[in-house]
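These are the structures in question, set out in turn.
One chain, chain A, appears in both complexes that follow, with chain B as partner in the first and chain C in the second.
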Partner chain A sequence: MVSLETASKGSRFAYAFIIYLIIWCIFIYSPGIDLRHFIQEFSVGIVFSLIAAGLSYEHLSMRGLKNLSPRRIWWAIKYVPVFIWAMIKANIDVAYRVLHPARPIKPGIVRIRTSLKNPVGKLALANSITLTPGTMTMQIVKDRYYIHWIYVRSEDEEEAGKDIKGNFEKYLKEVFD
Partner chain B sequence: MKRILGGVIAVLIFIVLALAFVHIPFGNIDLAEYHYYNPVDNEHTQDSVPQHYLDEGKKETGSTNIVTAVVVDYRGFDTLGEVTVLFLASTGVGSIMYIFEKEKRRKVRRANAVVETASKLLFGFIILFGAYIFVHGHLTPGGGFPGGAVIASSFLLLYLAYPRFHAEHKNLNIAESLAGLTFVGVGILGLFLAGYFLYNFLPFGLPTYLFSAGVIPVIYVAVGVKVGSELTGIVDAMMGVRE
Partner chain C sequence: MNWIFLILEIFGYIFIGIGSFFLLLASIGLLRMPDVYNRMQTATKATTLGALSVLFGIGLLDLNWMPKSLVIALFILLTAPVGASALARASYKAGIALWKGSVVDKYKEEKEEE
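Take a look at the complex of A and B:
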């Protein structure tokens, strides 16, 4: 395991509390909610966010409040269109392979490497790869990913990695590392 | 021969089902035709229990969700019994598994790195969602039992994330006992203040607001915590001694 810097307990707790309060507001939102409803729901939300944060702040994050730095959030927002575009491209590609009468597939499992260090970053990359059709993360061992690929263009770690990861890694590195 | 027998059985089943379904009112049927038997006064009346819940439930209990009004208010005593049954089941599973698991210690294989990281990440969010479900029991579908089950499932994720994780039995017992005491305490308070066990003595408030329906949210929070800690205890017992 790579040693990661760990923030103070207070910072991690505060981070968990803020995140949970935001999620709570998403839970309770409904169109036409008025102020009195909101105040009641929000005050209960503060209590439950404190409880949930107390139980789980150790598991949620290592860096605490540093996760909320504007640079990371900006890169995370920029990552969304990149991911959606990659997904559209992969969808069209897989649809082509399914509809083509000759069925041009060449399935196989390839191994690629990543330079991401943060476990959550690795998870985000693995899930991005799985969510784009045609590729699926089967296993992560340290910095190596084992990926099932619908059309193996290259068995080389370097080249296959470039093909599968696309732009994902660059953005995720800014968000998580 | 077999085919004829099969055909006869199919026809018989069809006739029985058709006869049964004839009496079920599908669609619009004039309710005035229907009479309900009242065994106390030994007479047929227009008043039915379901209709009473639908018409008067909100007024009598303050709960927007009629199902919750029935579960926690009209038959709250029964719910107390259900929670007790769950407690007994959890104790039983715990004692049986303890005898079985004491000798053999299971080797644990680490889960996939994806599963481990995601479980740690999602743990708190699932707790929050469970809390959301049980605190809104009187407004939306759900309530103490599903909310508690969701919370227990979040602890199950921790068992996936850490191969040697064990829930602290002492803390679970404290949470469970406090929740049970709250439920019974609210009931006894109702007995003292109004003369009925589990009487809804708090102000009802306005429907659709979170602070409404009197004691129903209090009881449902207690039920949620109790069910959550009991199911976590069951999960812990099932996991056994791991190393």
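Take a look at the complex of A and C:
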């Protein structure tokens, strides 16, 4: 088992605060807002972000500010187009299976393994798998994923893993591990 | 400058149209698929992209809404699959059988190991 090192409380608190403040700023943004109003809104945002961060920083992250290193953010940005493309393929796949008169499905639950260690990384991989062609994560037990596959092409852990994970794991490893 | 907004508006409506189409597919999928797990599959994927596409289209219609709709899209993206997984697992634990045409069930082994 990997040891889950946790950053200092201050760093985790600062991370939660920054994330909340960014989300707040996006929500209050409107074009043509004048400076005086923006400063008012922003100060209120600081107060509420502090309160929210104080209540929830323990659950939001374990690595705190290290999550915001430029390398991680860069890989996260590179991951976006890969993921969106996989999602579009997934939906064309769904359309094909739903509209085809013979309903070409061969469902089953397979098991694959991951080399990701970070719990958030595992969650991100599980979410990605759910939204990509024909697969849905049902359960994660340690490094084992149980996946409902709408058209089982291989029951072997290795082969199925390659087919299902595609190149997500490479990106998520850079972002989270 | 007006024609830029016209083009954006056209694309906005195209995205909303595509989104509605996928939402429709999701509901057809719900009717056509044989068991709860396959239904979850079509329902999750198609509704997520459908909702995302509609939100993006709204963002294009009025660019002021774009940042907000992108944040909403992000939250949908984070929560929809988690909900689907939880529902699928709950149905499995409640003993709902896989469709008779299913070829493999590795999850059963896990339960026996416990």
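Basically, the second predicted complex is superposed on the first by the 175 of 177 C-alpha atoms of A that agree within 3 Å, B and C clash if a C-alpha of one lies under 4 Å from a C-alpha of the other, contacts with A are read in each partner's own complex, and residues count from 1 in each chain.
Operating definition for what follows: a residue touches a chain if its C-beta (ideal position, glycine included) is under 8 Å from a C-beta of that chain, and two chains touch if they have at least 3 such contacts.
Just so it is clear, the model here is predicted, and its values are computed rather than measured.
Under the clash rule set out above, the superposition-derived model of chain A with chain B and chain C shows the two partners fitting side by side.
By the touch criterion defined above, A:122 reaches chain B but does not reach chain C. Of the two partner chains placed by superposition, A:104 touches none, neither chain B nor chain C. In the superposed model, A:55 makes contact with chain B only, not with chain C.
After overlaying the two complexes on the shared chain, residue contacts for A:24 are found with chain B alone; chain C is out of touch. Across the overlaid pair of complexes, the angle with its corner at the CA centre of chain A and arms to chain B and chain C is 70°, in steps of 10.
Applying the stated contact rule after C-alpha superposition, one finds that A:10 touches neither chain B nor chain C. Here chain B and chain C are compared by how many residues of chain A each touches, and C touches more. Residue contacts after overlaying the shared chain place A:148 against chain C, while chain B stays out of touching range. In the superposition on chain A, contact is made by A:95 with chain C only, not with chain B. When the two structures are aligned on the shared chain, A:139 is found in touch with chain B and with chain C.
Per the superposed model, the minimal spacing between any CA atom of chain B and any CA atom of chain C is 6 Å.
On chain A, the surface patch touched by chain B in one complex and by chain C in the other comprises residues 23, 27, 123, 126-127, 137, 139, 141. Residues of chain A that touch chain C in their complex: 23, 26-27, 29-31, 87-88, 90-91, 94-95, 97-99, 103, 105-111, 123, 126-127, 130-131, 134-139, 141, 144, 146, 148, 150, 152, 155.
Within the complex, the chain C residues that touch chain A are 22, 25-26, 28-29, 32-35, 37-38, 40-42, 44-46, 48-49, 63-64, 67-68, 70-71, 77-78, 80-82, 84-85, 88-89, 92, 98-99, 101-107, 109-110.
Residues 112-114, 117-118, 120-121, 123-125, 127-129, 131-132, 135, 158, 161, 208-211 of chain B are the ones that touch chain A when the two sit in their complex. Touching chain B in their complex are the following residues of chain A: 16, 20, 23-24, 27-28, 36-37, 40-41, 44, 48-49, 51-53, 55-57, 59-60, 119-120, 122-123, 126-127, 137, 139-141.
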